[in-house]
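We just call them A, B, C and D in the order they show up, numbering each chain from 1.
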Amino acid sequence: MKSFIHDQEAAAEEALAGILSLTDVPLHRVGSHTAVVYPENRHRKVKVVVGGGSGHEPLFLGIVGPGLADGGVAGQVFAAPNPEAIFDTMQEVQPAEGILLVYGNYSGDVLNFGVAIDDAKAKGIQVAEIRVQDDIASAPSSQREDRRGTAGDIFVIKAISAAADRGLSLQEVVRIGEKINFHTRSLGVASRAATAMDSGEPMFDLPDGEIEVGMGLHGEMGVRRSGYEPSELLVPRMMGMLLADFKETELPLTRAAVMINGLGGTTVIELLVIAGQVRRFLDAHSVAVVHQTVGQFATSLDMAGFSISISQVDDELEPLLEAKCRSFCYTKP
Amino acid sequence: MKSFIHDQEAAAEEALAGILSLTDVPLHRVGSHTAVVYPENRHRKVKVVVGGGSGHEPLFLGIVGPGLADGGVAGQVFAAPNPEAIFDTMQEVQPAEGILLVYGNYSGDVLNFGVAIDDAKAKGIQVAEIRVQDDIASAPSSQREDRRGTAGDIFVIKAISAAADRGLSLQEVVRIGEKINFHTRSLGVASRAATAMDSGEPMFDLPDGEIEVGMGLHGEMGVRRSGYEPSELLVPRMMGMLLADFKETELPLTRAAVMINGLGGTTVIELLVIAGQVRRFLDAHSVAVVHQTVGQFATSLDMAGFSISISQVDDELEPLLEAKCRSFCYTKP
Amino acid sequence: MKLDVEQTRAVVTQALKQVAAQRDRLNELDRGLGDGDHGTTIARGANAAIALLGTAAPASVNEVFTSIGGAMMKSMGGASGVLFGTFFQGAKACPTSPVLDVGTLAGFFEKGVESLKQKSKAVVGDKTMMDAVVPAVEAMAQGAANSQPLEAVLQQAAEAAEKGAQSTKGMLPRFGRARTLGERAAAAQDPGATSVSLFLQGLCEGVRGL
Amino acid sequence: MKLDVEQTRAVVTQALKQVAAQRDRLNELDRGLGDGDHGTTIARGANAAIALLGTAAPASVNEVFTSIGGAMMKSMGGASGVLFGTFFQGAKACPTSPVLDVGTLAGFFEKGVESLKQKSKAVVGDKTMMDAVVPAVEAMAQGAANSQPLEAVLQQAAEAAEKGAQSTKGMLPRFGRARTLGERAAAAQDPGATSVSLFLQGLCEGVRGL
């Protein structure tokens, strides 16, 4: 099946027009970049700028809005945004005290945000960064610095933005950012590769009838390839891996904010079934669920599969995750 | 690719557990039915109960919440809910003055809601109904009574619920319901049939590389089958058909609430691109867009494709569509 | 020939089983014409009805039919749930009887088809279950009027239903989801009509086997 | 042999065109190792650079290289945008020159590879563009030190890059997205290294054709 988009090179630019057409959250474009800002968070000392490749919609432009990021920058499909777009977005959000950049821990993003940070520092802008590292399949817990960012982005951006809304200093917001980053873990499973827009061919090899636990948003290798399994079996296994990961890092899961994320090609009814199974598991393991949400938050084009993200919350993080926010990607009313 | 759901017969029941696991809108189950109520809209004289088959998630259980429906009833996948479930849900919402039932105009729904209405009337419950008829491809404008309900459900349920929130009488809410139903038109296009959960086979025949404008949510025949076309060509054609339909019924489109709905298997980046193209068309045709939203609201399992729903609003309807509401399916902050 | 309540229950259970057993074939037929779920739906209804008959203690033969109608109405959903449910609940409007003879059964089904017509709006020729149920019930009424034996009348009814179901091939659908398919669906056989035929066939065999 | 600014611009444009022409092949290589977009990305960068060279009036040969580096950095995104951009911007740190001889070019590329190493963290053997660019620049430096002619040095550099790119087949990837594929990606040839080789090949042919 072919994409309705006729030209992959134009996709990011055209999707931007779509983001700007939405009426619930008024956004402004940054110059001629595929980047937007929400300029109304005037009370913040620290502004939050996020970014990453396109193809993960509603991320990253969709997470800009009240209670969330001040600016978002998107690259081409599956490519980190360029340093100039990042830098111009930082300029546009007009920081009072400083800027916190939040992005997934991928080499392309690290490189491009790195150049932008150097440029910003050279201009005297105070800037810090959080590289989201929630994907437990991407490296062992002893090598957290190698872990990739996936749907955990949402909880991390949410808590950081709520902290910024409180008028905290850059140092404090960074502290909270590091904490929520450490407290957030995700695990995904894919049952079909994403389809390349132009060719209509699978972007990587995952034979029909097979699934891969831990496969990354760009087809990065996971931890376990096997034949088809229904979510009834998969969910307890994946939840077990997540709980074990929390334990390994001496942060046992007791009080959880939970997100069931569709990777693009998985139906809403499946996601709901999975959500019920996740909840049953957590109830059985005496984990208090303070928040549970279901939707498409961080996709990989039309990859079929889902991910489960869990944040271990405490009295500091819970209200930050519960604070009101509004955006195309994520809304807390 | 197989569904993560192992048993289609259990899907509606398990998805209900998922709906109940969500924390943003606390819902209660109705008896042992796949039905939920949100009991907190105490100020309403008229309660709103909606329903339809499963497989269209986030509809129909997902549209229950503050500012939206009081009760929702889901049938099995692609099957109308049974009369007992509908009747028990009506009982559960405890109407002060009466109940308005809102459902898509499909023969199965008409039959099942019809039996429930007879039962309710026999018990002295005051009840009225609105059959949503937004799909312009399903019958000519001269035979509106034969048109099916699709994503236009959302605008119809939204306006009706907001009217109920104002404490209006059943008669008034029905008047508004009929108005928004007449004012709402949709048109969809499919590029891949939905996949049956159990067999993994396409549920109906739509050859790869072909698309069908007007195909219904259950594969009902559309108005035009052709080879692949990108949205760049499709959107103007579909918008032209929608505008012509408004015109034919002497309700020219001048002020629009717009919804771009993904049918299940179409990526968010595509929906955004389409949203931009829809907006460009409306701007060029001097239609004022008061509201535009993008998402998955009324799906057909993993059918690939999208629909465009447009309500012609006036000073009465616009504030009803803009009023706050909150649910899994649709939130206006 | 007359059946008591217990025999009626056994025979009806048997007939429902035969319908449920054709689940996949009925789905397949519905794939050509509707949304591919008629087999699943009717099997769900039949199984719910069988389960109810297994635990309930019907006080009359009417109750055997009204309870399966109720079970189908409650469990099936979809268009067919109401239609089959309504049809079987025709027995509610008939005088309560402890035995089932040809007149009783014809009476139940005549009432059933009457309510069904009100709900359905479809007539013979519209490519629905009506194409099977209407001629079958007519055959039954005629047989009863002529005081033919139950077995023979059921045989004629089952044959009429089967012929009716076959006749839907080539008809242009005008009701339900199939309507929207127009020409695309002309060749297909209607699944609802097929279910009716399967049920009557099962009833006929069950009675013959007593 | 020395190139003036105009010749340098022509030759570099030619080399970029040769890289962009291999878009599909480079995508194909990236499909085996990364996310299948290296051809698209490098072609986007090369085309942006070509467009800029077509309108800008570089005042020095340094500017030819820094502007293509800037254009690539701005337009490409992805890992390779920064890496190729950084490499070409090495010329910024070199003395401004109106002509390009073997020493100037070697100087640009030596500076380029130096900054690249800082950003990249990868070393030869990690299955990245470093496997092509490092030996190529070494060959160039050596040729320049021996005062060999530009054409001969470019020929050796292009050969070293090609050999380096070939050598990535069989290496276990340790950087970028490919890293996560481990054994699955061992057999594939690195697309970034291939782009480096294509560029140097193009430069070599361009100079030879002057």
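Points worth noting:
The criterion applied here is as follows: a contact is a pair of C-beta atoms (placed from the backbone, for glycine too) under 8 Å apart; a residue touches a chain by one contact, two chains touch by 3 or more.
Remember, predicted model here, so these are calculated numbers, not experimental data.
A centroid comparison over C-alpha atoms places C as the chain most distant from chain A. Work out the mean CA point of chain A and of chain B, and you get 29 Å between them. The mean-CA centres of chain A and chain C are about 54 angstrom from one another, to the nearest whole unit. Taking each chain's centre as the mean of its C-alpha atoms, chain A lies 33 Å from chain D. Computed centre separation for the pair chain C/chain D is 76 angstrom, with centres defined by C-alpha atoms. Residue positions of chain B touching 2 or more other chains: 77.
A linear topology is adopted by the chain contact network, the touching chains following one after another without closure.
Chains touching one another form the pairs A-B, A-D, B-C. The touching residues of chain A, when paired with chain D in their complex, are 8-9, 53, 75-84, 106-108, 111-112, 114-115, 138, 196, 203-204, 216, 218-221. Contacts from chain B toward chain A in the complex involve residues 1-7, 11, 14-24, 54-55, 57-58, 77, 191-192, 208-209, 228, 230-232, 234, 260, 264-280, 289-294, 296, 299, 301-302, 304, 306, 324, 326, 328, 331-333. Against chain B, in their complex, chain C makes its touches with residues 31, 34-37, 40-41, 44, 73-83, 86, 119, 175-177, 180-182, 184.
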